[in-house]
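Shared chain: subunit A. Partners: subunit B in the first complex, subunit C in the second.
Right, the complex of A and B next:
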């Protein structure tokens, strides 16, 4: 059995994605039957020199957003070195929460003065905007989520690392993977390029809350109400993004009584998550009077930071079209 | 002048490296965090009630610290059940946080992945058998399950909201929590035995940890019950106490141009940089800081282990890496015992888990928490619509930044003096930074 060369790396992020790999009930150690972890700085202390010396990587799991010139350089190096590059987690896939900094360009970077002492080491230059991995290099597969759930981590490992070597792949093929991925996993071949390891529909499809097609008269905030545990949060006036977000988490947030914030990115049929949400929410206003609609709309706060909480750099169509950001 | 770069450093949550400037007989190190967290940019302009979810990017504990700050902002007191649920979550997070560090320590001299690890054990080059690591991993998996039940998900929890938690613990979940709590204490005691056998009593390479120490500096801890932040002097005496709302009057964050991570230090003391011999104004937080307060542990078996530590290493304060690792063991036992006590039906079950704010809230609030990683503090300034104008977050990483720089400098000087290769120095630095 040939073991695959595997790398795991986080650019700018919180390491939760890397810990999530370790947290697959620590069966990660048994992956050594199929994987040879050749580059994993966080866990193995691997250096960039180790990477240069190593053979070509079969699979690289890249987590974190692209915030600095070093992150960009790492993305380019790992793309060049890897047969398969996976955007692992919401930050790599869409820019994640660090992408919210794009609403306040400059941010903390303004506080970092240039070194006053000549001996003082320099910091890698900051990019003017946070970017997702796909905005720098092409990723072959995407595993969304903040952090990705364990069942999908297992699925992607079975699919890309173990392939036909592991009999357990069949049980993952039977889970809620999209059909083309499930078929590929079952057959022990690579899924179609660009596949997203998550569901195809919106979170609402897997959310257990009952939707009654009710309309609401005013917008509510989570500290103002104790929502009914069985009813749709959006219909209770809370901004829940399940309707625009790709499923795969099984309605984790809504099940815990708080609204979805879209860490799986936009659902397959959605062009722009913010536009979808504006359309969906405005259609639930319980009035046809223009003035009243305006009054309700004015109650909403921070639509950009809410609707693009995890996806500002990669999925906000308005920002994508602005010339200065290209 | 020679420039040496060591990194990226293993086990650090922030992307970090050590830059070394060597000139003649002198050597200076810079512990450098190379990317900003920039949480203030993420938080400004957001509705304040969203901050527990946004700030959990720093660590799961910040989710809870943020909820405490919201309680203060809206002037609401969580019902007792909600407080217990939050406390149980802190205990689960403590178990996970400390166990992960001990797991990294125990697997530090080998590749922890499978076959190679087994071969290393058989060849006698690795002190820790692979099944022992798996055993710790299994205990962590159970604690993660508890954290997911209590916090909604792991590692970024979401159930803590202003006035309590977003949902009660279901009967089926309560039963599972009780099972996990019951099994976690034996795991904690097993971990204690492994630590004693493999680290303290083995005389193997990891015993070198005994030598890793830093010059005495002050420490800070927080007591939620008394709302008191205690600054303990470097010699273990002369403590100063202040309340959470006086934190920014007492502490401040300073920036150096060569790292993105700020340095939190005591206001009014001259800032001489993090590698100065003059440590006045510097402090650290975390399990060892809590140990250095010389207070008895909250539970019997943890107290027994704390006394064993004191008998072996001497009375507090301690500044060695071995004491820092040992304090993790003490706190894992304590977390397991508290968890077992909390997981009684009357403490975790009940439908009353939230107090809804009856007023629009004030315009600023403070909150503090003694988290697994150490004292953390939040301050929010909001406008009349509850939109965040400004946030101040003191996290354990920036509070321990100076200590990390001091440790790094010491290890680099030691390597330089004894002519150790830099790759060996890197491992020593990583091991010394891990428990803080």
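Right, the complex of A and C next:
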């Protein structure tokens, strides 16, 4: 069989997504049977010249947010060169943590000058707003997560790179993937364009903690309490975003007693993650007195940065509609 | 002359504020015409998403009207709206929506005068505040909470 030409690239990001590709356990050794990595600067040290010399790419995994002019250029170049472009990880899919800088747009002025300015490598010009990959070019598939869980990385590799060539694809028949994707992986054909490689409901659907209608009187941070292992974290006063977040991770964080931070983006039925969280959190306030409500609400710090931690550029309805003010 | 006319989306509870708005019309009270009324069955059903969507789609202000606490047709729907309003206001504020743009008011069916007053007040307030869309430059003009916290920290 012919091997697929594959590229992996990170724009503005921490490259943990690229590490995650290498972290798919022993399956990584079989990858070379199907994939020929023509362009992978982080691991292979490839240069842009290598990309220009190579044939058309079959699949490109694009990680990281679009923050600088060179990120934008890379996105355009890779889009042009590849048949399938995947927004890989929360930054590429929704803008991710770098996207939080959209709360203070304006770019350069926010940068600190280093004491030894002369030896500083020059940073490419910053865009006024951080964008997700989808806001610059069309991405064919989306794989959310910070970083994406191994099973989904394996699923997307099976689906887009191996297609019908690998017997391991059969295992996805009973996976947590939405049915159309799971069927496509099984059949060895491409899933419907624009598919998100994650679940459809909210994280709560796969979180094993028991949800009762408990109220809390004050909001707590993770270091302040030792959460009860079996009970819903939100009901214990922790700010868990599972209720507004797309499932797929299987409740990894909540399983370990850490509140969900929302790296899979908003769940299908949610209009705006912040609004959903406001609604969910407020409903747990245990009071009917206005003053007390106000007091509890004042305990929360940095709501925008918390509720849109990974999704500010792409899923915050209020800021998203401000594109005209670029 | 190009005068700025604010667009105010109002979510009015079917049992109290909507009736008050109706009565305000019937009694021929003078009121500004900047409102777009959405009749809802209870202020408790006005999800924060509705408010955020209204602003995202170009509203300059949002008014939610409900029964006075204790008078809710559904017993405690208005308490739910009240409970949400604090965090919602805080979130909107952090995203660059000024406090005056979002209001939650208790207006009983027998208070058409109060309805007219609130609408006129809000309309005037927003007129001087300007359009939400064009006034929007930076989501937070003031230091955000955690920055304030850092500034006032004894360790800094």
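Note that the second predicted complex is superposed on the first by the 301 of 326 C-alpha atoms of A that agree within 3 Å, B and C clash if a C-alpha of one lies under 4 Å from a C-alpha of the other, contacts with A are read in each partner's own complex, and residues count from 1 in each chain.
Operating definition for what follows: a residue touches a chain if its C-beta (ideal position, glycine included) is under 8 Å from a C-beta of that chain, and two chains touch if they have at least 3 such contacts.
Everything quoted here is computed from the prediction, not taken from an experiment.
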Contacts of A:147 with subunit B and subunit C, given as first, second, both or neither: first
Partner chain(s) touched by A:320 [first = subunit B, second = subunit C, both, neither]: second
Subunit B versus subunit C as contact partner of A:121, first or second or both or neither: first
First, second, both or neither for A:301, with subunit B first and subunit C second: both
Which superposed partner A:103 touches (first subunit B, second subunit C, both, neither): both
Touching partner for A:14 - first (subunit B), second (subunit C), both, neither: first
Greater residue coverage of subunit A in the superposed arrangement, subunit B or subunit C: B
Where subunit A meets both subunit C and subunit B, residue numbers: 103-104, 301-302, 305
Touching residues on subunit A, where the partner in the complex is subunit B: 10-12, 14-16, 19-20, 22-23, 25-26, 28-33, 35, 37, 41-45, 47, 67-68, 70-71, 97-98, 100-101, 103-104, 107-109, 111-116, 119-124, 126, 146-147, 221-226, 229, 252-253, 255-258, 261, 301-302, 305-306, 309
Contact footprint of subunit C on subunit A as seen in their complex: 102-106, 270-272, 274-276, 278-279, 281-283, 285, 287-288, 290, 293-294, 296-298, 300-305, 307, 316-322, 325
List of subunit C residues in touch with subunit A within their complex: 47-49, 51-53, 55-58, 69, 76, 79-80, 82-84, 86-88, 90-92, 94-97, 136-140, 144-146, 149
Residues on subunit B engaged by subunit A in the complex (per definition of touch): 1, 3, 5, 7-13, 15, 19, 21, 23, 28, 30, 32, 34-38, 40-42, 44-47, 49-50, 53-54, 57-59, 70, 74, 100, 104, 111-117, 130, 133-134, 136-138, 140-141, 144, 152-156, 158-159, 161-163, 166-167, 255, 257-260, 354, 356-357, 361, 385-387, 426-427, 430
